[in-house]
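Look at the two complexes coming up: chain A is in both, with chain B in one and chain C in the other.
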Partner chain A sequence: MKAWKGAIGVVAAAVAAGLLVGGVAEAQNEQFVPRLVYRTGPYAPNGIPFADGYADYLDLVNARDRGVGGVKITYEECETAYNNDKGVECYERLKHKGPTGASWVDPLSTGISYALLERTAADKIPLIMMGYGRADASYGPVFPYAFTYPATYWAGADAIIQYVGSQEGGLDKLKGKKIALVYHDSAYGKEPIATLEKLSQRYGYQFSKFAVAHPGLEQKATWLEIRRLRPNWVLMWGWGVMNSTAVKEAAAIGYPMTHFVGIWWSASEPDVEPAGAAGKGYKAANITGVGAKFPVIQDILKYVYGKGGGHATKAKVGEVLYDRGVVNAIYDTEALRIAQARYGKKPLTGEQIQWGFEHLNLTAGRIKQLGAAGLVTPIHVTCTDHEGGGDVKIQQWDGHHWKTITDWIKPHRRMLWEMYKASALAYAKEKGITPRDCSKVEAAAK
Partner chain B sequence: MFYREAGEFKTSYAADQAIFPIAQDRIALVVLVLAAYVGVPLIANGYWLDAILIPFLVYSLAALGLNILTGYAGQVSLGTGGFMAVGAFSAYKLAIGFPHLNVVLVIVIAGLIAAAVGIVFGVPSLRIKGFYLAVATLAAQFFLVWLFNRVPWFTNYSSSGVISAPLRAVFGRVYITGAEASSVDKYLFALTTVSLLALAAKNMVRCATGRAWMAIRDMDIAAEIIGIRPLATKLTAFAVSSFYVGVAGALWAFVYTGTVEPLAFDVERSFQILFMIIIGGLGSILGSFLGAAFVVLVPVLLSNAPGFLGLSIRVATVTNLQSIIFGALIVFFLVVEPNGLARLWQVGKEKLRLWPFPY
Partner chain C sequence: MHFLYTVLIDPFVQIAGDPRFFVEVLTGGLLTGVMYSLVALGFVIIYKASRVFNFAQGTMVLFAALMLVGQMEMGAPAWLALGTTCGVMVGLAFAVERLVLRPMVNQSEIILFMATLGISFFLEGLGQLMWGGDVHTLELGIPSGPLTLGGILVNKLDLVGAAVAGLLVTALALFFRWTSVGRVLRAVADDHQAALSVGVPLKVVWVIVWTMAGLVALVAGIMWGSSLGVQFSLSLVALKALPVLILGGFTSVPGAIVGGLIVGATEKVGEVFWGPALGGAVENWFAYLLALIFLLFRPQGLFGERIIERV
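Up next is the complex of A and B:
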């Protein structure tokens, strides 16, 4: 018995010592990034490349530049399966990790963003919704901790309508045209509806919408109805298996692919590849460039994959969603760099990094320095404007690769801004939030 | 040796009919309640409260509601998610429409609305049974979620169809909903609600109402012959069950996640809760809690396990392993005890009474 007790004691002491050592190691010069990812479930084909791109860029920053400002970036992934309550669980699990807690959080899910919106504001952790999430969170005075750069769904809808207009020979030619929206029946898919309805009043096109239930494998009826309606253009807000199913169904009814335009989350290789040759000509908006030709992607191949690291397989590097993961990480780490310039090169808290996000002025020059010219759209985030005025490109699938077919399109921000503001103020009223006075915030910062 | 009622004499009917007639059980219960009310808030951190214990309580309540309907009254239902959605969305509409209404009242009224909806969808149970009724309640599930998805009035014309709970306090400044509310307050509120409703349920199933439910479950024709009215009995089961489930839905939206889209209450949620009561034990109050604990806690435990053990396994592998182990555990427990974890607990207690001299 005694020997047993002794042995248990030794083990317990060893475990305790291990925990202590672990604790000491954690308190080093590290900046912790929680990674909410989904590598399983119906949305995994899209979640995996994004998560890989993001993680690879952080690895690159650590390997090539020894972190940001000498502070190593650490991260831990947590599987959400695109499920809102799991997303909340992951956020709660990771928010206190690392010496200063979570730096920021990018959930890559509009639903999870909604679930975290108030939590992150209360915990003072920036919530980054890069091209997704709640569009009116662009209005900084009401949403200090939420960021929507480089473009919201409302801006995306406007950009796509601009593109459609240019194809029809001018926005005034849209009058009487029929435009249909096929959308994922969730918070994500519903976001653009109000904007598209508003634009239909302005330009006089007929707008009809078709909801597709999660996860989106059942679309036969939807496309039969579309065949009956014969719209001039079909837009899509889809995600995961819904995208490839829609492309296949559109091909099955013989809908012309060149008049089928997806949002940037319906714009990746796994979405069109399953449709085979039928998907050729399908178009989609994008907030990033595409391909592996950019110096920053080449650096990832050299410093990360060249040394035996990397999360994806080499062939997947440069895919649309992989690149977008990289772009997301570039924006985030740049904000950290800006925050470090103010608060010092040490592990920072979410509240300090929020200052960096609010002063994120990513110019074309800086983007070129980062080796990402053409990949990243310049943005200028301020206390008021959390969207930063990013631009949108349209790309087309040629059967093998995505090719960018337009220059950067500027969404009509003046109109959108009024919509953001009205919607955000309504939210503030419902929640009893007093909007910040940004001129005072700026003055206090100086 | 320790768990034996020898020497405990009952001198009144009340003592004989107590929920816990054995003194050791009462002591255990007091310890448990003290631990839940005092110990947990002292020890648990935000992650435990927000991400594990509050969802566990909410799921327990939903499972309890379904257990009343399916376990006690024998009416199979796949509409739990839909009734939770009714609770969540009516609580939201009430809270926004009547800002001065106390949040407790909001949740109770939301439960009553869910009960009313439950009665409407319970009417077919008078004619159809078993799998056919399951299909009818499935219709309720799809219809209700569709309704909240389609009619923008329910979400106050939110562009994305997501509702979020406003900041509300129980009394004074004790906030239990909204992001500023502290985890401990939210936990205590959920705990109190669930405890009170569990106590009510336990007493309900011990009195005439519960006996009528069980009679209908075991043989409805025989029950009718001895004078139990099937209409009233089945509909009360639907009403009470939907009330519980509706309150669970309101707690889900207000106390647990804070924001909800109708997708949170899809058919998978209904199945999840049905699995809880099957694993936990049909027709058992304790079973609802054990089932909820199993379904909520085991996956969390499994997904945290590599971290505790210091292993670094890729999250995708962990998640897939988690599904495999979880599935295997369900099969294992149901093979070991087809009547659920509650029965396992009961068998354990019987064994404990004889220990250390089994015969």
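Up next is the complex of A and C:
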């Protein structure tokens, strides 16, 4: 009897040990992604769809492709509520998780990304600021671990002015026109001012700016001033409740919606739906396509939602911020794939994946393979250029849905690049950073 | 020198040069101020009767609006959703009295204030758990859109808000002055101990004032929700009510209205005529600056009770 008990004990221990070893081995073949999200608080309507889109794409990659290069992507969400201090806390909590630590971090907040800029560089973890954050971080020699693809706010401002010019009959027709900027009174909202001022000198339009105090619940004074000024075009750099309030106030003073253009963070469904019919005709720039028609989105519906998964409700799949979350995840996982080609199909460190980001060449052909043609703009990131030269589209709210109304617009990168470089070098001087020599970095990599 | 000119001279030159625009800004500010007053009233009702500064009032505005719009989105007719929401706010008042206030009898005011902080977080979480974090559009048929009166542009919704606030203040003033419950509330506000000694049931009083504050929050939620959509930012309107309370006094219902008018008018006029010289986006701190100046000279606010404590 005693012998039997002993034998059973040995077998049980062996099974348990086997399971444990198997589990550990599986865990060892995982790539961990920390997810700084905001699903609560005043900015939740914008944070939720983005977080859902991002997570759903990672789930798709795991379900359909068995991860990237056979390495499963794992992730853990941490709630920042769009607070800088909580963002830093989340980053510190998650940066050592997984077999190789955090792969990269996407905070979806200009404020949090400012707070993480130096930490991520010190920890050698790529900081991804897809269409937000410091525009001058596009200059790779000074910011090796910060990435701003596919376009910065400065590029967004330039693209919008190009669009406005096309509507006026050419950029030369902007001379004498009045263009006003309504902006969130924060680091984010102030980002396009220098570019718009520079462009006003180049094209001769009269530029006026109106700051809106956080959170932007009340803007009556601003819009009465705009009514008095009678600008030909109004641009907006808003976020959260500021956007919907601005659209309503613009309608209240009778401003034509077709001459009101927001940046891509003023371009989602929650920004216009509260305004109801008054928001019809409002326009906004975007760095992605819109809708659920793209094959990659259909794959998410098939492989993730079709099997009972998915973070959003099906009706939300294809909304602007959901799609942007998907696109952000596409860029990130493609960088991982590129890094794996160099370092092997195994869990990689942030430092190794940074190499992938610096060699992220997402061509139209590859985008088509990914089922994202029209959804994702091609980019080519290098050691020097962390923006990657992405393009911008203009979309319009028809009262029910956003519709893309232009093809991709190419921002004038030559002018912008000089601005990025000058600003980044000033930052480097202030912080005592010696810029990298990218030719040496590339040579060493070969 | 240029700065002094832009602050001390230029605004007045602008006002004199375009008085119609000044009146338009002033009118817009006054109407906005009335909307702030709607939120401030809830604070006043609770503070007046219990000396509790209810930090959760802003969240109650959000919670009430969420309850209403959530039911309407599920297909409930507006009248039914309105009735149910009123019921929920009454239930909330009972729950707050039974679960939060009663166990804290005889605790200091700061402890009760901290408790309301907890209520605020709880309600915000509960609201999101029940109705999600999306923006909800509230359509109750309240007129909105621009209207020109004598060359002055106003928003119809703001006019309705002003009318609602006026009715609410009148109703509350009549209630406090002419009903027996109102007299009880005033007695408690004057002296808790004396009121208790003559048999005024404090628990009932608390339920009544929290119910009233809940219903005022519902009205504020409807007006603000119709304007902005029902979203979590609504709870931030409480920040706008604080300078109103400091100006008008924490214990005065008419003070909440007058305070709202002053704050609304000052911040809008300040933003438009002094904002450019001060870097713009001044309206938030402008209201607090004004409140601070009032605090220095009249700590009890315009209509608040002067508290004299002898040691």
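One rule holds for everything that comes next: the second predicted complex is superposed on the first by the 419 of 446 C-alpha atoms of A that agree within 3 Å, B and C clash if a C-alpha of one lies under 4 Å from a C-alpha of the other, contacts with A are read in each partner's own complex, and residues count from 1 in each chain.
Rule of thumb we're sticking to: a residue touches a chain if its C-beta (ideal position, glycine included) is under 8 Å from a C-beta of that chain, and two chains touch if they have at least 3 such contacts.
Please read these numbers as outputs of a predicted model, since none were measured by experiment.
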| item | value |
| --- | --- |
| Clash or fit (per the criteria above) of chain B with chain C on chain A | clash |
| Which superposed partner A:Val241 touches (first chain B, second chain C, both, neither) | second |
| Which superposed partner A:Ala221 touches (first chain B, second chain C, both, neither) | second |
| Partner chain(s) touched by A:Gly281 [first = chain B, second = chain C, both, neither] | neither |
| Which of chain B and chain C A:Pro435 touches, first, second, both or neither | neither |
| Contacts of A:Ala211 with chain B and chain C, given as first, second, both or neither | both |
| Chain B versus chain C as contact partner of A:Lys190, first or second or both or neither | first |
| First, second, both or neither for A:Thr40, with chain B first and chain C second | both |
| First, second, both or neither for A:Gly111, with chain B first and chain C second | first |
| Partner chain in contact with A:Gly374 - chain B first, chain C second, else both or neither | neither |
| Touching both chain C and chain B, counted on chain A across the two superposed complexes | 39-40, 44, 48, 185, 211, 214 |
| Chain A contact footprint on chain C (complex, rising order) | 18, 21, 24-25, 28-29, 32, 124-125, 128, 133-135, 137, 139, 144-146, 153, 155, 227-229, 231-233, 235-237, 240, 267-268, 271-272, 275, 279-285 |
| In the complex, chain B residues that touch chain A | 45-47, 50-52, 55, 96, 149, 156, 159-162, 164, 166-167, 178-180, 256-259, 261, 263-264, 266, 300, 303-304, 310, 314-316, 318-320, 323 |
| Touching residues (chain side chain A, partner chain C) in the complex | 39-42, 44-45, 47-48, 185, 209-215, 217-218, 220-222, 224-225, 227-228, 240-241, 244-245, 248, 251-254, 270, 273-274, 276, 278 |
| Interfacial residue positions of chain A with respect to chain B in the complex | 18, 37, 39-40, 44, 48, 77-79, 81, 84-85, 88-89, 92-93, 95-96, 110-111, 114-115, 117-119, 121-122, 134-136, 185-188, 190-191, 193-194, 211, 214, 423, 430-432 |
